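Next come two complexes built around chain A: one with chain B, the other with chain C.
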Partner chain A sequence: MNITDFFALGSACFGILMLGSVNLRLNLFLYSLQTIFMALATLNQSFKLVNIEMYFICIFIIALKALFIPYFLNNVLTKIDIQYDSNVMIPAPIGMHISILFLGISQLLSDKIIQSMPSIDSIGGVTAAISLLFTGILFMLLRKIAISQIIGFLTLENGIFIFGVSITKGLPLIVDLGVLLDLLVAIMIAGLFVFRIKSSFEHIDVTQLNELHEN
Partner chain B sequence: MKYILIGLQIILSLFLPLLAIGIIRQIKAKLQNRIGPPIIQPYYNLIKLFKKNQILSHDSTWVFPLSSIINLSIVLILSFIIPWLPFNKSVFSGDIFLLIYLLALMRFFTIIGSIDTGSPFSSFSTSREVSLAVLLEPAIILALLALAVAFKTSDLFQIFNYAYSLDLIKIPVLILSASSLFLASIVEFSRCPIDDPTTHLELTMIHEAMIIENSGLNLAIVEYTYSLKLLLFYGLIAQCLTHCILIILNLNILLQSILCLLIIFSLLILTSLIESFSVKLSWHKVPDFIAYALTFSFLAVFAAIINGVSL
Partner chain C sequence: MPPLIAMFIIPTLIIFINLFLNKLKWMSLKLSAILIWIELLSVLFILKPVIMGNSIHYYQGFLIDKISAYFIILTSLITAVCITHSYFFFIQESKNNPKISFTQIQTFYILAILFFISMLLVFMCDNLGYLWINIELTTLLSAGLVYFYRSKHALEATWKYFIICSVGIAFALLGTILIYASSKTFSLEGTLNISELIEQAPFLNFNFFKFGFIFCLLGYGTKAGIFPLHSWLPDAHSESPAPASALLSACLLNCALFALLRIYSIGELIRHCDFMQYLLIGVGCLTIFAASLFLIHQHGLKRLWAYSSIENVGLMLVAIGIGSPFLFFLQALNHALAKTSLFLLSGNIIQITNSKELKDIRGLIKFSPSLSILLILSSLAITGTPPFGSFISEILLLTKLLSLNFMLPAIIIIIALTICFIAVFVHVGRITLGQPKQNWIKLNNFQFNLMPSFLISISLCLGFLINSDYFRGLY
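Moving on to the complex of A and B:
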C-alpha cells in the first residue's frame, strides 16, 4: 500500500462515517474531510507522475469542492432552517454497516479490474473509488431530504474522480476544470431549487414531491 | 533488571488507577467552575471504606462477596497479561483470546454478584448491562483481532514489541483499533454519553445500580477493580497510539514510557471533556453509539486484511 492508496482509502472511510450520521452539518463536514483526503491523494499522485497540471487541479478541488460547496450548502441549511434528516429509510448505523459490506465487495471488484489491467498499480485507489460510488448511491437512496441527495451526488462524483486519478496518468487540465465548473453550477442551481421548494412546499422531502401543490 | 521492572509495574498498578479517577474528577470540576475534590480523594475514600462495616442483604448468599474478590483477582491477572506500559515484561504470554475470555468471565461474575443481592434495581441494571455487552463484545473482539491479523501474532507482548521499521501500512490499523477501543471503553465503563457515573438516579443508571448493594470492604474492592480496568483499557489504547509514533520515530524505552503515560493522561482529559460537554443519550440511541465502535472495528479489520492481500 502506497501513500496514494492510504489517502484514497481514508477518503472512503470518511464517506462511510458520513453515512452513519443524520446531522446534515456533520455530513457536510465529513464530506469536506473526504474531499480533502481525495485532494491529498491527487497531490501525491502528481508528485509521483511529475504532472504539474494535477497539482493545480488539487488546489482547485480544495478551494471549490472542499471549502466553497460545503460553505454554500451550510448557508442554504441556515436559510431553510433544517438540522436533521430525521426520516431515513433504515437506521443510519445499519446503513453504515451495509456500506462497509460494499467496501469489501469493492475490494473484490477492484481485484478483478487490476487483473484485467496489469498497468494499474494502485489497488487501494480503485477500491476506494468503487466504495465511494456505492456510498454515494446508498446515501441518495436511503435519505429523503433534497440536501442529502446533493451530498450523495457529490460523494458519487468524488468516487468517479478518484477512479480517474488512480487508473490514468492524469487527465488534461481543461477537462477537469470543465467538470469542476459544471459541478459548481449544478450545486448552486440545486441549492437555489431547494430554497424555492422549501418556500413553496414548506418541506424538502423528495418522496412527497409528486403531489401537486397549489398556492 | 526484569524483577525491578515487574516490581515497578505492580507499584504503578496499585497507585495509578485511583489517581486516574481523581484526575478525571478534578478536570470535570475545573470545567464546571467548582473547586472540586483533591486529586488523591479516591485514596481517602478507599481508606474510609476499609474502616467501615459491611452490610449484607438478607437475601444474599456467599456468591455476593465472592464475586467481587474473583473480579479483583481477574483484573490483577489482566494487569500482567496486558502490556499497558512499554516496559511491561511478559510473565505469562498475553494472548488476545485469554484477554477476551477473562473480560467475559469478569462480566459474568459482576452480573451474578448483582443478581444475588435480590435488589430490583440490580436486576434491571443487570439486564441493561447484558444487552449492552452483547452489542459491545463484537467491537472489542474485532478491534483486537485486527491487531492480531496485522502483526500476524495473537500475543499482545509480541504485537507491542517495539521494532523501529518504517512500516507505514500498520498505522491505519493501529489508529482505527485505538479509536474503536476508546469508543468501546466509554460504554464498558459507562462514562457519560451512555451513563452518568455521578448521578444516583436508579431509573437510568447502569454500572452504579449494579454495585448499589456493595458496602464497606466490598465497595472498596469494586471501586479499585473498576479503576484498574479503566487504566488497563486506556493503557492498551495508549500503547496502540505510541506504536504509531514509534513506527516513524525511534525512541528509547524511557521516552516510550513517558510518551505512553502522556497519552494516557490526554485520554483522561478527553474523557472528562466528553463528560462535560455531552449530555446523556436516551436509551434507544445507545445501540447507535455502539454501532460507531463496531464500524471502526470493521474498518480496522478491513485495513488489516488489505495489508495482507496486497503485499
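Moving on to the complex of A and C:
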C-alpha cells in the first residue's frame, strides 16, 4: 500500500465516520479532515508525476474546500442556531454500517475498472472515490436538514475529484479551477437559501418543503 | 477572438446601466430593451460568415460551427423578446403587487443578462470541461430568476431546482472525467477538446466512453428534464415570473440538450455506438409519453406548459438520437417560439385573473378576445398542428425515424402527441369558454400582445418557409 492510497482511503474513512454522527459541527469537521486527506493524496500523486499544476490545485482545495467552506457553513449554523440533525431516516450507526458495506462494494467495482484500464496504478484511490460517492448520496438521502444536504453534496463532489485524480491523473488546471469556483459559488448561494428557508418556514427540514405538487 | 468579445459588449453595457444608473429608474429598463435588440443584430452580423460557410475557431477550446451559430441566434432572439416583454410585465406587476421593489426588478434584469451570457458561452464551447463549467453557471445564475417573488412557494421551487440540478450536473462531471479517461489510451496526454475527441473517436476506450456517456445523459438529462428526473422543472417554471419561465423553457433546456448533442457526436463515430442511439431514442420516447400523461391532470396554467416542454425535450432527444443535429435545431426553434409566446401570454392571464389555477380561469374570450385568440394559436403551434413550423419538424422527425426502421418509437410518439393535443385543447377550451369573473384587471392589449404575436407570426412563416430549398438542404 503506497502513501497515496493511504491518504485516499483515510479520506473515505472520514466520510464513513461522518454518517455516524448527527452533530452538524462534527460533520463539518470530519468533512474538512476528509478534504485535507484528499488534497494530501493529490499532492502525493503530483510528487510522483512531477506535475506542477496539481500543486496549485492542492493549495486551492485546502484553502477553499477544506477551510473556507466549513468556516462559512459553521457561521451559517451559528446564525440559524441549529446543532443536531435529529430526525434522520434511519439511525445514524446503521447508516454508517451501510456505508461500510458500500466500501466493500466499491472495492469490487474498482477491481473491475482497473481490469479494463491497466495503466491505473492506485486501486485505493478508485475505491475511495467510489466509496465517497456512495457516502455522499447516502448522506443526502438519509438526512433531512438543508445543511446536511449541502455537506452530502460536497462529499459527492470530493469523490468525483479523487476519481478524476486517480484514473486520469487530474483534469486540466483551468477546468479544475473552473469547477472549484462554480462549487464555491454554489455553496455560498445554497447557504443564503438556508437562511431564507429558516426565516420563512422556521425550520430547515427540506422533506417538509412539499407544498408544490401534482393535483 | 475579437468577434467573440464583440458579442458580449452590449450585454455588459446593459448590466452596467442597471447597476450604476439607478436614477434612471424605468428608463434604464427601456434602454435595456432597446439595447438587447441591437445585440441581436450584432450577433446576426458577427455570425453571418459562419452561417454562409465555414466554422470559426476562436482561441483554444472555443468554436462556433453552423449548429452553434443557429442556437446562439435563437437564444439572442428569445432573450430580446423576453427582456422587451418584461418591461411591460414588471410595470403591471409592480402595480398589482406593491411589495415588489424596483431593486428587485433591476436584479432580475442583471441576472437575466448574465444568464444570457452564460448560455451564449455554452454554445461556443469546444471543450467538455468548459461546457460543464458554463452549464453549472447557468444553474447558479437562473436560481436568482426563479426566486424573484421571494415567497414560500418560490423558495421551495428554487431550492429543489438548485439542489436537484447541482447533483445532476455533478454526475455529468463524473461522465466528463470518464470520457477524458477514455481518451488517455490513444494519446498520452488525453484531451477534453471535442474536435480532437471526434478525430480520435475510433481509438477511444469504449468501456470508459460508454459509462461516461451514461453519466452525462443522467447529468445533463436532469437539467433538460428527462422523465424520471424532471421533478424540479414544473415547480421552477410555474413559480418564476413569466419572462423567466420563458427563458428557462426556451433557452436553458436547449443548452443541456446541446451538451448531449456534442457528446453524442463523438459517440456515434465509435464502432459499437448502437446502444447509445437506442438509449437516447428510448429515453426520449419515455419522456414524451410520460409528459403526455401528466398533461391530462393539471391544475396550474404554467405547469401545463412546463409539462409540454418536457414532451418537447423528449422529441429533441429523439432528434439527437437519430443523428440529425438540424432536425434537433428545427424542433428547438419551433418549440422555443411557441413556448415563449405561451409563457408570456400565461403571465398576462395570471396578471388579469390574479390566479395560477386553471379552475379559476374561465371565459377569457369574452374578456379579452385578442389574448385568447393568440393563446389558441400558440397552443396550435406547440402541439404541432399545421400550418405552424412545429408540424413540419415533427413530421420530418417521424419520417426519419420510420426510414431508420424505428417502428415502435414512431408509434409511441404519434400516440403521445395525440394525447398531448387533446389534453392541451381540453384545458385551453376551458380557459377560453365560459363566464368570466367580475374582478379581473384590464391590460393594455397592444403592449401585452406585441411580443407573442411577433413570435407566432415567425412560427407561421416557418411553416410555409420549409418548402424552400434552404431548409431541405439542411435536412
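Criterion: the second predicted complex is superposed on the first by the 211 of 215 C-alpha atoms of A that agree within 3 Å, B and C clash if a C-alpha of one lies under 4 Å from a C-alpha of the other, contacts with A are read in each partner's own complex, and residues count from 1 in each chain.
Assume a residue touches a chain if its C-beta (ideal position, glycine included) is under 8 Å from a C-beta of that chain, and two chains touch if they have at least 3 such contacts.
Please read all numbers here as calculations on a predicted model, not as lab measurements.
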item: Superposition on chain A - do chain B and chain C clash or fit; value: fit
item: Greater residue coverage of chain A in the superposed arrangement, chain B or chain C; value: C
item: Touched partner set for A:G164, first chain B, second chain C, both or neither; value: second
item: Superposition-derived angle with apex at the Cα centre of chain A and sides reaching chain B and chain C, degrees in steps of 10; value: 160
item: Chain B versus chain C as contact partner of A:F60, first or second or both or neither; value: neither
item: Which of chain B and chain C A:V185 touches, first, second, both or neither; value: second
item: First (chain B), second (chain C), both or neither touched by A:L9; value: first
item: Which of chain B and chain C A:I123 touches, first, second, both or neither; value: first
item: First (chain B), second (chain C), both or neither touched by A:F29; value: neither
item: Contacts of A:F153 with chain B and chain C, given as first, second, both or neither; value: second
item: Partner chain(s) touched by A:L103 [first = chain B, second = chain C, both, neither]; value: first
item: Overlay on chain A, chain C to chain B nearest C-alpha distance, Å; value: 22
item: Residue ranges of chain A touching chain C (in the complex, touch as defined); value: 116-117, 119, 133, 140, 146, 149, 153, 156-157, 160, 163-164, 167-168, 171-172, 174-175, 178-179, 181-182, 185-186, 189-190, 193, 196-197, 200-201, 206, 209-212, 214-215
item: Residues of chain B defined as touching chain A within the complex; value: 168-169, 172, 287-288, 291-292, 294-295, 298-299, 302-303, 306-307, 309-311
item: Chain C to chain A touching residues, read off their complex; value: 127, 129-130, 132-133, 136-137, 139-140, 143, 147, 152-153, 155-160, 162-163, 166-167, 170, 173-174, 177-178, 180-181, 184-185, 190, 192, 205, 207-208, 235, 238-239, 294, 297, 299
item: Of all residues in chain A, those that touch chain B in their complex; value: 1, 3, 6, 9-10, 13, 16-17, 20, 91-94, 96-97, 100, 103-104, 107, 123-124, 127
